[in-house]
Each structure stands twice: as C-alpha cells, then as structure tokens.
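Heads up, the thing below is written out as structure tokens.
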Amino acid sequence: MSDRFFHPVSGMEMPRFAGIPTFMRLPHVPLDHPRADEVQIGLVGLPWDGGVSNRAGPRHGPRQLRDASTMIRAQHGVSGMRPFEAANCADLGDVGPNPVDNPDTLRRFEAYFTGLKERGIRPLVAGGDHLCTLPVLRGIAKDAPLGLVHFDSHTDLFPAYFGGTTLTHGNPFRSAVEEGLLDPARMIQIGIRGTMYDSEDRDFAKAHGIRIVTIEEFFDRGVKDVMAEARAIVGTKPAYMSYDIDFVDPSVAPGTGTPEWGGPNAYEAIRVVRECAGLNIVGADLVEVSPPVDPTGGTAWLGASLMFEMLCLMVAAL
Amino acid sequence: MSDRFFHPVSGMEMPRFAGIPTFMRLPHVPLDHPRADEVQIGLVGLPWDGGVSNRAGPRHGPRQLRDASTMIRAQHGVSGMRPFEAANCADLGDVGPNPVDNPDTLRRFEAYFTGLKERGIRPLVAGGDHLCTLPVLRGIAKDAPLGLVHFDSHTDLFPAYFGGTTLTHGNPFRSAVEEGLLDPARMIQIGIRGTMYDSEDRDFAKAHGIRIVTIEEFFDRGVKDVMAEARAIVGTKPAYMSYDIDFVDPSVAPGTGTPEWGGPNAYEAIRVVRECAGLNIVGADLVEVSPPVDPTGGTAWLGASLMFEMLCLMVAAL
Amino acid sequence: MSDRFFHPVSGMEMPRFAGIPTFMRLPHVPLDHPRADEVQIGLVGLPWDGGVSNRAGPRHGPRQLRDASTMIRAQHGVSGMRPFEAANCADLGDVGPNPVDNPDTLRRFEAYFTGLKERGIRPLVAGGDHLCTLPVLRGIAKDAPLGLVHFDSHTDLFPAYFGGTTLTHGNPFRSAVEEGLLDPARMIQIGIRGTMYDSEDRDFAKAHGIRIVTIEEFFDRGVKDVMAEARAIVGTKPAYMSYDIDFVDPSVAPGTGTPEWGGPNAYEAIRVVRECAGLNIVGADLVEVSPPVDPTGGTAWLGASLMFEMLCLMVAAL
Amino acid sequence: MSDRFFHPVSGMEMPRFAGIPTFMRLPHVPLDHPRADEVQIGLVGLPWDGGVSNRAGPRHGPRQLRDASTMIRAQHGVSGMRPFEAANCADLGDVGPNPVDNPDTLRRFEAYFTGLKERGIRPLVAGGDHLCTLPVLRGIAKDAPLGLVHFDSHTDLFPAYFGGTTLTHGNPFRSAVEEGLLDPARMIQIGIRGTMYDSEDRDFAKAHGIRIVTIEEFFDRGVKDVMAEARAIVGTKPAYMSYDIDFVDPSVAPGTGTPEWGGPNAYEAIRVVRECAGLNIVGADLVEVSPPVDPTGGTAWLGASLMFEMLCLMVAAL
Amino acid sequence: MSDRFFHPVSGMEMPRFAGIPTFMRLPHVPLDHPRADEVQIGLVGLPWDGGVSNRAGPRHGPRQLRDASTMIRAQHGVSGMRPFEAANCADLGDVGPNPVDNPDTLRRFEAYFTGLKERGIRPLVAGGDHLCTLPVLRGIAKDAPLGLVHFDSHTDLFPAYFGGTTLTHGNPFRSAVEEGLLDPARMIQIGIRGTMYDSEDRDFAKAHGIRIVTIEEFFDRGVKDVMAEARAIVGTKPAYMSYDIDFVDPSVAPGTGTPEWGGPNAYEAIRVVRECAGLNIVGADLVEVSPPVDPTGGTAWLGASLMFEMLCLMVAAL
Amino acid sequence: MSDRFFHPVSGMEMPRFAGIPTFMRLPHVPLDHPRADEVQIGLVGLPWDGGVSNRAGPRHGPRQLRDASTMIRAQHGVSGMRPFEAANCADLGDVGPNPVDNPDTLRRFEAYFTGLKERGIRPLVAGGDHLCTLPVLRGIAKDAPLGLVHFDSHTDLFPAYFGGTTLTHGNPFRSAVEEGLLDPARMIQIGIRGTMYDSEDRDFAKAHGIRIVTIEEFFDRGVKDVMAEARAIVGTKPAYMSYDIDFVDPSVAPGTGTPEWGGPNAYEAIRVVRECAGLNIVGADLVEVSPPVDPTGGTAWLGASLMFEMLCLMVAAL
C-alpha cells in the first residue's frame, strides 16, 4: 500500500482540467526531495528530439503528456487495479538535455538513469524521440541485458544515417544490442511497416535472432496470438517495454514525426499492452509524441493512457 | 406522406454549402409558427454545457451540427427510406439556456419538452452535454417510464460530483432512474470504458438491473450479437435513444470533452443505430459534440449522420 | 533497370523534409525536357477543383501530395520492389487549368494526355477533383475502352447537376461510359455509401452492367474476397485505377470535400491496391485530396502512400 | 421606427452562441415571405467563389459571417444608433449559384438583384468573391451609374486573365465601368498594394479618372484626410460601398484568398467606414472572407462588424 | 533580496520548453508548504469560466499561462529589474472551483483570498473569466476599498443578465462598487468599445464617477497622456490592476471569448502597464485567456508577458 | 536584362497555386546545372534548425517559403522594378544539413557558400534558424568583413549557452564579429526587446561599438529616422542584411520559435527593408520562419514578401 503522500490529486476536489500538470496528478518528487527514496516507480520526462531524422517536436512531449495525463482516474477499467494505492509512484520531473549537442545530452541522460538504478527507482519514461531509449538502457541494463517488447512501425536497427552517425532515432536498438544492453533472443518488435531504405535492419535482426512481427502478420494472426508469442519470447526475466507512438495508425496518433499508415487502431494499441500481463517489466517508455503536429492533443491523451497501462504492468511486477 | 412545406431545400437548387443552416435543411418552425402543430418530429437544439466536469464546448454543438447536417441528402443509402417525404419533420430551433445557472436552465428545458409532449411532437435533440437528457426525459416520460438504448463510454450513473451536486453530465441516468423516468429493466448501456474513479456507478447498475455492455464485451461479441440483446431488453414499448458521441473512438470523434480511447469505428458507430430497427423510438438525442476541439468539423458531421439514422428510426416508429 | 538520372534524391544526403518537393523526390522532367522521351511512367498533377459540388480545395492537392511524398523511401515494405530502379519514373509537373472556365480546362487536360499517350508515357495522376479523370481517359482511352477499378464512396454516375450540367465531379464515369472510354462490363466500383439524392446512378449501373460493391458488402465479405472478384471482372486487358480518397473513412482521410462516414481504415485502404497485383494497370489517379481541410497533412501523406502502391502496380505492368 | 417583427433575437433571452444563425439574428425573410415587401434593407448572401484566381473558400463566407454576426448587439458603440429599431432589416437568405458555371451564376445573381431593386429593397451583400459585385451592380445600377467607395488591396481593374476571360475577381470594376454601372469620376479605390503583374489596371484608372489611393499614401496622410477626399469625390448622389476584406492587413484578416501584407489595422479598418457618414450609400458588400483559411473565425467576426458599420450608414441614408 | 529557494529554474540548465510548467518557473508553494509564509507575491490560478455569457474556455487559462510563462527570463528588458531576486515570488497553485455551481465557486475563491490576505501574501491572479475578480476583491479589499486600473473592451458594469442574475463576467465591477470593495472615484476603465446592448453600464459609471476611456479617446490622446491621467486618478493609495485580455486587439489576442475589434496592438498593450510605474499595486489579475480559441498559443504568451510586467509593478510596490 | 530562361512561370499560364513550388517560380538551377554560372543572384534554402534553444521548426522554412512565394508577381508595387527581368535569378535548391550533428552541418554550409562566392553568385538565403547566418558569412566574408543591417528581437550576441556551447541561434553575430566576418562599426541591430537572461550581449555590443536600436527607440523615432541612421552606419561598402522574422510582432508573424511581443506591424516590417535602398547589399537572409507554429501560413507569406524586397535591393546593388 502506498503512502497518502503519493496519491494523486482528486478530480472531485480539483477538476481534472485544473492544477499544475504533473504526470497523472502525482506529487512532484525531484531526486533532491526528502521523500525521493520512497519512490518505487518514477515517471520521468526526457524532453528532447535531437535524434529525429525527419520532423522535430518530441521535445515538447513530456509537457503535453503531463497535461493530458490529468484526465487519468484512480482505477483500471478492466482489471480494477488502483495502482497509485498499490505502490509509491511520483513524477520525478524532466532531465535537462543540451539542445544543441547530442553526445552531451546522452551523457546527461545516462548519468540520470544510472542514479535511478542505484536508488532502486524503476523508470517509466515519457519521451522525447526514440534515441532517448538508449541512455535509459545504458543506465539500467549495464549489469544484465534485458528482454524487450517493442511496439513500433520501424525497427530502429539501422547501422548509420547521414554519412555515418548512429546518434539518430533510427539506430538505438542496434546500438543497445551491440552494447549488450538487450538480449536479442528475448526481443520482439511488433508493427513494422512502411517503405524502406533497404534491408540492412532486417538483416541485422535475422543475424541476431531478433523477432520481427510485421503489421501484415499482426493483422493476420490477431492481437491475442501475437502477444502470446511475445510473452513466450520475453519470458519471466526482467524486461523493458518501449512503445513508439508511431506503432499506432496515424488516424489515431497523428502527432508524431514519421508516421506510417496502416497500423493498429486505439483498442488494439491498448490491448497489446494489457496482453503483457505477467511479464516482469522493470522499465518502460512511451516515445515520439510530437505536440506541434497533434492539433487536438489526442495523441498525447493516447500516450498518457498507454503510460497508465504500462504503469499498471510495472506495479504488478514490483 | 409529408407536406411539401416540410421538404428540405434541394442541393440541386441551393448547393449544400449554401443557405441558412437549419437541421438537414428543413424549414425552421418555432412553436409559435402557424404550422407548428403539423410537425411530427421536431429537431431541437439544446445549446448548453453547464453540466460538464471537464472541458466545455457542447454549447456550440447545435449550431455546428446544423452546419454539418446540410450535407445530408434525401434518401437513406441502405434502406432507401426517404424520411422527409414520409413524415413532417422540422427544425424547431434552440431552447435558450441560462448560461450561468444550471437549475434555471433545467427548468426552462423541462418546460419546453413538456410542451412538445402536449403537442404530440416527438423530439430529436442535438445537445449540449449529457445533462441535457434529464430535462428532456422529465418532459416526455413523466407519465410512463421509457426504455433506453444508451451509447456512451461512461455510464453517467454517478451519485454526486464536486462535493455533492448531481447537476453534472456524470449523473443524469441515475437521476432519471430514481425519478421513475426510465425503466431500469429496459435499459442498456453500450461501450463503457476508460479509467474509473471507483465502482459506484456499476454497483448502482447492478442493484437496479441495468445492463452494461463494456467495450471489451462489445468487441468480443460483435455488433450484431450485442444489438440483438439490446432489442430484446428494450422490447417494443416506447423507448428513448441517447447517443453520447464519446461512445465512438476519439480518432473518429475527437470533438468531445471527455474522450476515452478504444471505442468503435465510424462504421460500427452507425451500424449500432441501424440495428435498432424495429424499436419503438419516441425520442432521441445526440450529445457532447464539442466544436472547439473538433478542428475538421468531422465530429459534427458524424453527429449529423447519426441524427439522420435516428430520424429514420423515429419516422419508422410513427 | 532505370537510368540513374531517374533515381530519387536520397534521404541520407538530403533529409526528407528538405529540398524542392517533387513527387517522390523524382527529377522534374517537363515534356520539353531533353530526356522526356525516356520517361516510362509520368507523375502528373492536375491542380483543379472546378467540378466540385460542395467544398473546394483539391486544386491544392498536387502540391501537398508532392510535399508529403518526399517521405516515400526506395523499397516497398512487403514485396521488396524498388520501383525507381525498375523503371524510368519522373515528375512531369502540373498541367495548367483555366480556373474560371471548366470547358477550357477540360480541353487543356485532354490535349495534354493525348500527347502523353502519343509519347508512350503512362500517367499516374494526382488530382484535383474527380472530374479530372474524364480528360485523362479522353486522352488515353480513345482507341479502346479500358477496364476500371474504382475506389470511392460515391458512384459519380449521375446524369446532371444544378439544372443540367455534367461538368461536375458527380458525373465523370457516366460520361466516360457514354463516350466509350470505359468498358462497363470490366468496371467495378467499391466502397459506395452515404445518403443519396435518388437512385439514378444505381439504375445506370444496373442498365450497363457496372458492378457496385457497397461498403456493407465490402465489410461483410472482406478485402480478399472482394478484390478477387475485382480482378476477375477487370481481367488482364488494359485497365485504369481511379482512387477517390473519400473511399477511405474520414477519420483516416478528413482532407476531402464530400466525406462519408463508415469507410475502410488505412490498412484496408492500402491493401485493396496491393490486391490488384497482376492487373494490367496502364494509368491511375488519386483524387479529391483537399489540403485546406486536412490540418495535419495526413490525408496527403496517405494519398502519397497510395500513389506509391499504384506506381508499383504500374511498374509491374510495364 | 421598425416593426417588432424585424427586431433581432435578444442575447438576454437566447445567448449569442445559440440559435439558428441568421445575419445579426434578424428574421429570415425570403422574397416569398408575406412580409418581404416591408423590408427596407436586405442582408443577402452570395455563397460563391467561381471568380477566384488563387485560393477558393469565399463560397463559405455567408454562412460563417452569419455565425459570427450573432455577436452583434443592438446599439452602435460610438454613434449610439440602434439600426434595427430605425429601419426594417432582414436576412433575405442566400442566392443559389451554379457552382460549375460562372456565366449561369452571374445571370442568376443579376436577376435576383434586379428583383430587389424593383421591390425597393436595398442590399447589404455578404460574398462570395469580388466577382459577385458585378451582378449586384448590374441589378441595381442599370438606370444610373453609382459612385463607389472601394476598400481593397487590389484594383480589380484588369482586362483579362488566363488567356482572355473577364470572369474573375480581378476584373469586375473594369467591367462595371465599361458597362456604365459606375461613374469613374465618382470612384475611389483605397488601400492598393502588393506586387503587380504589370500596370494595365493603373493605366485604365488613369485613363478614366478613377482615383487610386495606395497604402503608402493612405498611411502618409492618415484616415481622416483620405476619407475627407473620398467623401468629396463620391459626393451626395447614390453610391455603393464595396469592401474587400483583403484591404485589411493579413494579421487582422488572414481568412482570405489573396492576402497582401502591409494593410490597415482593425481600428483603421473600421474607422474608414465610419468616416463615410453622410454619404448616400444605397448598396454595399463585404467580400472575400474565406473560412477555410480563417482558423479562429476572426476574419468573419471582423467582416460581420464591418457589415454592421455599413448597415448603420445605409440606415442613415434611407 | 529573495532567497535562492524562490529563484526560477534557469533556462541554461533546463531548456525553457522543458520541465513541469509552473508560473515563470517559480517553485510550487501551496499554502500547506513549510515555506509558504515567506512568500511575498503569490501567483495563483483560478481555472474557471462559469461566468461567461458567450464562449467558454478560460477554465484552461491558468494551465496554458503557466506553459507559456516558462519563456519568461530573469530581467526586465527596459527597466533592468530582476524581480525574482528582489522579492520572494512563488506559484501557489490553483484554487479548485465547483464547475457546476457558481455560488459555491465564489465562496471557495473568496475564502482562499481572505486567507492570503491574512498571511500577507499579495496575489497576482491568472484567470479564469472576469467574474473571478469579484471574489479576489472580496478577499483582499473588505477593510478598505481599493483603487482600480482596469483594461478591457467592456465595462463589466451591467446590472443583470439572462433574466436577473449578476453572476456573469458582465457584472463584477458593478457588484464590487456596490459592495464597497472599490472606490469609484479612484477607478479608471480603459479601452471600452464594441456594440452595446444599451447604456445602463455607462449610466452607472457616470452616476458613481467612474472614469471610462473609450478606445476612440485612447487612440486620439495616446498611451502617455491617458496613462498620466490614470495615475492621477488612482493616486498613491493601494490599488488593484485588472487586465482583461480582450482589451487588446483580436489580431494580437484572438484567444478570448468575447473579442471586440479595434483595440491596442501588442506594444501599446504592454506599455499601458509599464506606464503605471509608481502606483501602489497590491493585487492584480490577468483574465479571459481562452486556450481553445488560441491556435498558436500566442494569447497566453502575451498574457504571461503582461503578468511579468504586472509582477514588476507589484515588486516595486512592496 | 535577364535571359528568358530565368523568368518566373507566369500566373496567367499556370495559376499561382499550381506547379512545383520553387522560390518565386524561378527555374531550379542546382550548381551542377549547365547554366548555373549565369546566375547572378541565387535563392538558397538552408533547411535546418539545429541551433534553436527553444522550439524547433525552421528546418521546414525553405519549403514553406517556396510554397508561399509562388504568390509573388513580376513587378514591385512601389518602385516599379521588375527584378526578374533585370538580373538572372534562380532557385539553387537547398543545402543538405546533417540533422543530428551541428558541427558537420556548419562545415557543409560553409563549403557551399565558399563555392558560391567563387562563382560570383550572390546569395539570398531562406533559413533555417539564425545559426545558419554564420556559415553563410564564413563563406562570403572571409576576405573582407561586411557591414550588417540586422532586424531581430534578439541581439544573438551571447557568449555561450547550455554550459558552454556557441553553436546556438543566440550566438552567431558574436562569433562572426570575433572571426572578423563583420565590421562591428558598420553593424546595426534593430528591434531588440523582450526579457533578458542578463546583459552580456549588450556589454559586448558596447565594447565593440555595435549599434543597438531597441524597439522603444524604434517606435519613438519612427521608421524613417532610424533607417537613415542605419544607412549612415552601414555606408556604401558591401553589406549583408539579416532578417529574423521574430523582428516582426507575433500578431503578424506567429510562426517562429522564440517570439517576443511588441514588435513592428507588417507595413513597418516591409518599409524598413525598402528604406535600405542605396545600400550595397551583397547577400541577405530571412530566417526563423517555423511552419509548425504558423497555422495560416501567413508568416511564410510575409517572409516571401520580405525576400522579394531584399531581392530588389540586391538586384539594384549589382
């Protein structure tokens, strides 16, 4: 049971459109706060998009996700779980990037998550672009590679962009595998689609035994069947969940920089997370929400809803 | 057969983007109009959102629904019904709310619908937030409780908000049951989903025998099966249809104040109404369309399309 | 194999958001260009909407489709085809309309496509409203009527609008049949829905043996089954594909002038084209994209993605 | 004093966001209405943009102007005039265009205004593009040429567009002068600016003695001085006022098809009309409001405010 | 000199687009915070719009003003004042309204500001609609009426709306005068314009000696002259500043519910506040910012900039 | 006189909304084009925003500026100059950045402009953020420092950001002075305003003799007086003009990343450039247009209009 200090502000006392927007109306507990060490699951923003190859915008993701997340209520509609009562959750705030220097930003982020790991706080991250996942993994998976459930329309397994750099959102999972942060045998990538530059990413996956489920296979087999395989691959050892909002169809989630048509609808987008019940999720992220191209704010609201689903998984895994 | 006076303006003579926008291009027949007593089905706007607990906006719903509705043509695409030729339909105009006083507004609305009932005009209402349904029912269901087909993502069965009030859009159906306006044994609520404050609404439903179909059950069983049950529950006695646009997935209907992800698509949203063919629908509403958060106007266009479907049901039930 | 001159600009050298936007980053090769005669498939814009009966906007379609199309990469994600290496493709530019004179515009367009036919360049057209299809067919199908795969929510088979004219986007396919440009026995129209003025279009279809698949039949049977029938009807003789973006559900493609709710999702919208593999597509168009009502640009991005699918069909048919 | 029948709906009884939107909440009195002959000033919509050379949209102008105009109250803020009490004003509705045939549309419009003239109803027109002014003048100025106060960033005095046509919004005032509908010696055009095709329009003005006040002269001399000259030129004989919303700076009025930067601000935009007090304005129009490019609706709201100013001038001239 | 605890987060460490958005990046110090009693100037949000007579939206004002305010830097560009170093400023959070009950909300707000007054914290309020000013004044001006500098396009001095209520944003200053919270002899209202229902407000002003400067007078005399008079009227005794964002021209500040064209530009909007240097401002508010109709967020950014100007006045008056 | 090859596409043959959008409809002449060496003034896009400290977006500037620029006509409205006939102007295309590596991007840009200088092509640059100016100057001013007319709301003279880097849009002019690319005695910065971090930039300006005209001085003295001083300072030796769109008030130009309220209106924004007639402008840029926050596209249209003004200056200086 969580301490009352960690309970969200009630919508009955302060309407949900009101108040300073922290993630899910949780208390803001930066790491220098006296109660920081009581936090079990820390919601963290990584306001950066220095790795995007196309349209920028995810630097504004954490703030808009916080704003949308104040519509989250106390109880899961299907399972009945009340996560904020079950564990000490808090909004840890954002980690400051260096907006004009990617290597410096990656160092800052890695140092932060190394610190979280040392305190025993499990991170639920709001990106930022997908390059943000790399320093999170560097912080929390140095000692033992993690399994991965990865929802995305792109593999992000490319070797290099723009004449040689790997510091883009098209490369992080290749880097993570090469650095030993992820166990390729326990990795699954779901929802892959769209036109391709070439086949280098899929060749890498094949060579390392990474399971790729294309969107065609996803729709042919259905959510239940695919996710059963995902659970089997990832197993019961510690795993990470990385959710790129462009996994979802752009009709549902237009607010992202590199959308690809033909993805899952909102119901499927939520169910794939729920079907991960039982997995040992020790960290998770929701990335690539880009407010400047999200005129209704709906993408952020979906992102916040997905973060709640992931939070419930993480609470169950404590 | 309807009188020519009640036929809509033709799109061949006045293009559909032109002309003063009344509902479906019907004549504007306020109650003091000489031909008001010939009206069989009256389309009425309730431009008010005093009951919303989150984002305001539905006060602008009737006007935008009228604007969108001028794209409706004469004939139903599947059944072939030509409702404007089959019955005298008219746009009765809006009922004026008191924008800063909910009790006064409810009194005004109730008096209006009591008057309609006395004249024998059946109402097809364009909201307004869901609290608007309550005074409609007070006006038309005082003598005998009605059955209810209710499409929504929320049950709106809560006992109180904000420290005790029941005058919000989260409470009307509980009030209506408690006031004897609806017969709980002939009520079905379809599409319920999203995070919850607690379980008070579902406890009330269980205690009164109100049937709730969650979105999970809806998708598992499919439209046909669920709607067959709906028809069986509601039966052939007079019934009301209340359609909250947030029943539909926010990718389809973003223009609403409290969207919940994971709802039906547009085809399903339309089909659930069509599957009510045969029910004895004596009144209906389409509520919670919020133009300020509907950048393309698509939500209003869907709302107008649904009003046409409901109108066809009501014409058939005359 | 195509000549390097005809290869698109690489996203690795010039990021996809940069550069003058031609269709799919292909070279701009107007007909007076020295290499114009080497072009096998010409992408052409028809920036005109003089035929719309409701909201204007498709005049801006070609430019926004070009802009969105710079996100297309080199390789098809499922088939692996690399169309720009397989055939000489080029952006031929736009054909200039007379914005205030429909008959003059139709003459200009017809003359242009007659010229393309003479040079042996197959057209992939970006509209423009659906009236644009008529002068394309007049240019390329004079000698022998073509088969037609037509995706749309409307039949566009009406006899006349606004007191007698046929120069609207509601009439082109009737005109084309009457002029012998299309073989009605090899025509199929898929996705038809929405309210109707009357039944004149369907009577015409019945009288001429044109196959109409309503959206209800489409969803009941599924993509595979319907498209198998389409392939059987169209056969292996030369055929044209006309894709009105309003075939797709407005939640996916809001950017169009006469949307009708209840259409296919994005995955289905793409798959119906892929399922035409094997057809002998000698010309195609994507019409009715209306940028002024497409706030996220998503409709154009879907349109560009569909043009890529059609291009792959046309390359395969060379 | 006007009859109560012609008084607008009160905002105290029906809030200004509510009700079917007629111009300034006046009664809808089409010409076949029993009280049509009592109307002194008729507000008319011309929902058409067939004359635009660039972006379409003004076909939606009348409807959005009506919507915005419901915020107009009863009394002029400076003069104290209460125009709706001083004269019988009414919303006559729209005149239906033929959306695909400019010559036919011009005939329809001309016939309508010829009819108004015969009934003695003075028109206050909401466009539509600027070509709409021509048929209004043909209807009301056949017997005697009118003076003209013309606010615009373009002269609209060009001889021909697109290879010979004069049926565009760049030509109407040249046509009107050539047809003897306007007296060039009593014409003034104010606010002219922007890049030019060539000098043909200015040569025509010079040859006919039409006074052009460029925006540079306008700002150098100031509103009072320029408008004193305007009053002197136009004199006390019957005159028409034509107000193209692109007269105003695009920061104030972005919702128009051919904006030119560097125009008057809103205060100046209003004052130029007020400074015409004393002129004998027998007809007026407000044109080129284009809702699809007016995201806040502010351009329409300014347009409605200007129509109110013009209405006060017309009432004073009765 | 302020304590470091009260310094804003630096944009050099945490970029200005990042971090949980408090007002001007100040620490969040709710009244139960251990350091609350050290606060000298408290920035407070009143997220409510229950008093609007037209379009809702200001309930979202405080949150969007916070978001925009993170672009405020440390030093005033003209005076060089560094207010956050000169006084202890903090974000006190929002006061929770009862969204469906205006009387209850007014009680809650009044109690809050009564408490602030007792603690000696001076309020800088972010509305909310203009009715919010009334409970602020009830909280801080009970003992002695304050002077008032009031920027607005409306007087808000009306006696009643909608059949008798005074609980709208059109009435608060009349109520405040009648309750003895404001000294009418030390009141000035600047910027008044727009159409009028009638003259009841101006009659009240005249009867009580309240100075009204219409926008015509404002532009004729200029900022310096008008503001010199304002300083003379208000004098050196304690005064309140109330800034309705609709004072500013809608081209600058479209994001408000009842805009009136013809107001000051942004430079003038800022200068009128600066010209109040020397006044003894003990409380202030910025009201009527309505995010749903502010597509670029610019209105909130102007509002935040004005709050910074007002803050500098309040710091100077400590 | 220019060669016909270099004339823009005529709006009479291809309407201005149509055609592949190059700058001002000029021919696209990349540097490997056979006629590249005939170009006198080259319009170049720098699609990059790697230097922004706040909101990203200017990477999309060149494409949107091209799109808007197709509304530019052949002749200057005041001077009558027909620049495209007076000199060979062309669209050189974009220079490709490395989106994730600022130092690499700066090298690419510098190399490009060094090449232009060698060919004798004078650049008119469309940014991109303000950091883009630095590599342009490195390319064209290596041999002799240039004078500078700089319109902006910020000095961009800061020493470092984010812990030490100078690679942001807040530093380029300090770097350029320190590198000897600009002659500080011939520099003037006009329009400076907004809150400040500190005074380091102004101290640098004072120390080097750079003239800063704050917005307060600008409005107090007026355009003519300030620009006379600017001409005197810059003199007749070669000079560069750098125009940050945030010089202009955000009501006019909302589409930029770091807007500051209280700037010039559109007429003043244009006139300051015209008042530079006679200066020896050998290169110029228009930077910081950010399409994602420019909902109407008006900012780009103003930017294109300003580029036309600058082009006329550059043509006169040939």
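When the chains are written out, they are named A, B, C, D, E and F in that same order, and each has its own residue count from 1.
What we mean here is this: a residue touches a chain if its C-beta (ideal position, glycine included) is under 8 Å from a C-beta of that chain, and two chains touch if they have at least 3 such contacts.
This one's a predicted model, so the numbers in the text were calculated from it and none came from an experiment.
Contact with subunit A and subunit F alike is made by C, E. Touching subunit B and subunit C together: A, D. Averaging C-alpha coordinates per chain and comparing to subunit B, the farthest chain turns out to be F.
Which listed pair repeats A-F comes down to matching contact pairs by residue number; over half match for C-D among B-C, B-D or C-D. Rotating subunit C by 180 degrees superposes its CA atoms on those of subunit D, with the angle stated to the nearest 5.
We define each chain's centre as the mean of its Cα atoms; on that basis subunit E and subunit F are separated by 38 Å.
For the pair subunit B and subunit F, the distance between mean C-alpha positions equals 55 Å. Shared interface positions of subunit E, i.e. residues touching 2 or more other chains, are given as 13, 15, 17, 53, 55, 59-60, 99, 161-163, 249, 251, 265, 293, 295. If you draw each protein chain as a dot and join the dots that touch, the picture is not a line, a loop, a star, or fully joined; it has some other shape. Those residues of subunit A that touch subunit B in the shared complex are 11-13, 15-17, 71-78, 80, 249, 251-252, 265-267, 269-270, 295-298, 301-302, 305, 308.
Across the interface of their complex, subunit A is touched by residues 49-53, 55-57, 59-60, 98-102, 104, 161-163, 165, 167-168, 292-293 of subunit F.
Against subunit B, in their complex, subunit C makes its touches with residues 53-55, 161-163, 192-199, 214-216, 219, 249-251, 254-255, 258-259, 261-263, 265, 293-295.
If you check the complex, the residues on subunit D that touch subunit B are 13-15, 17-22, 28, 45, 47, 59-60, 62-63, 66-67, 91, 93-94, 96-97, 99.
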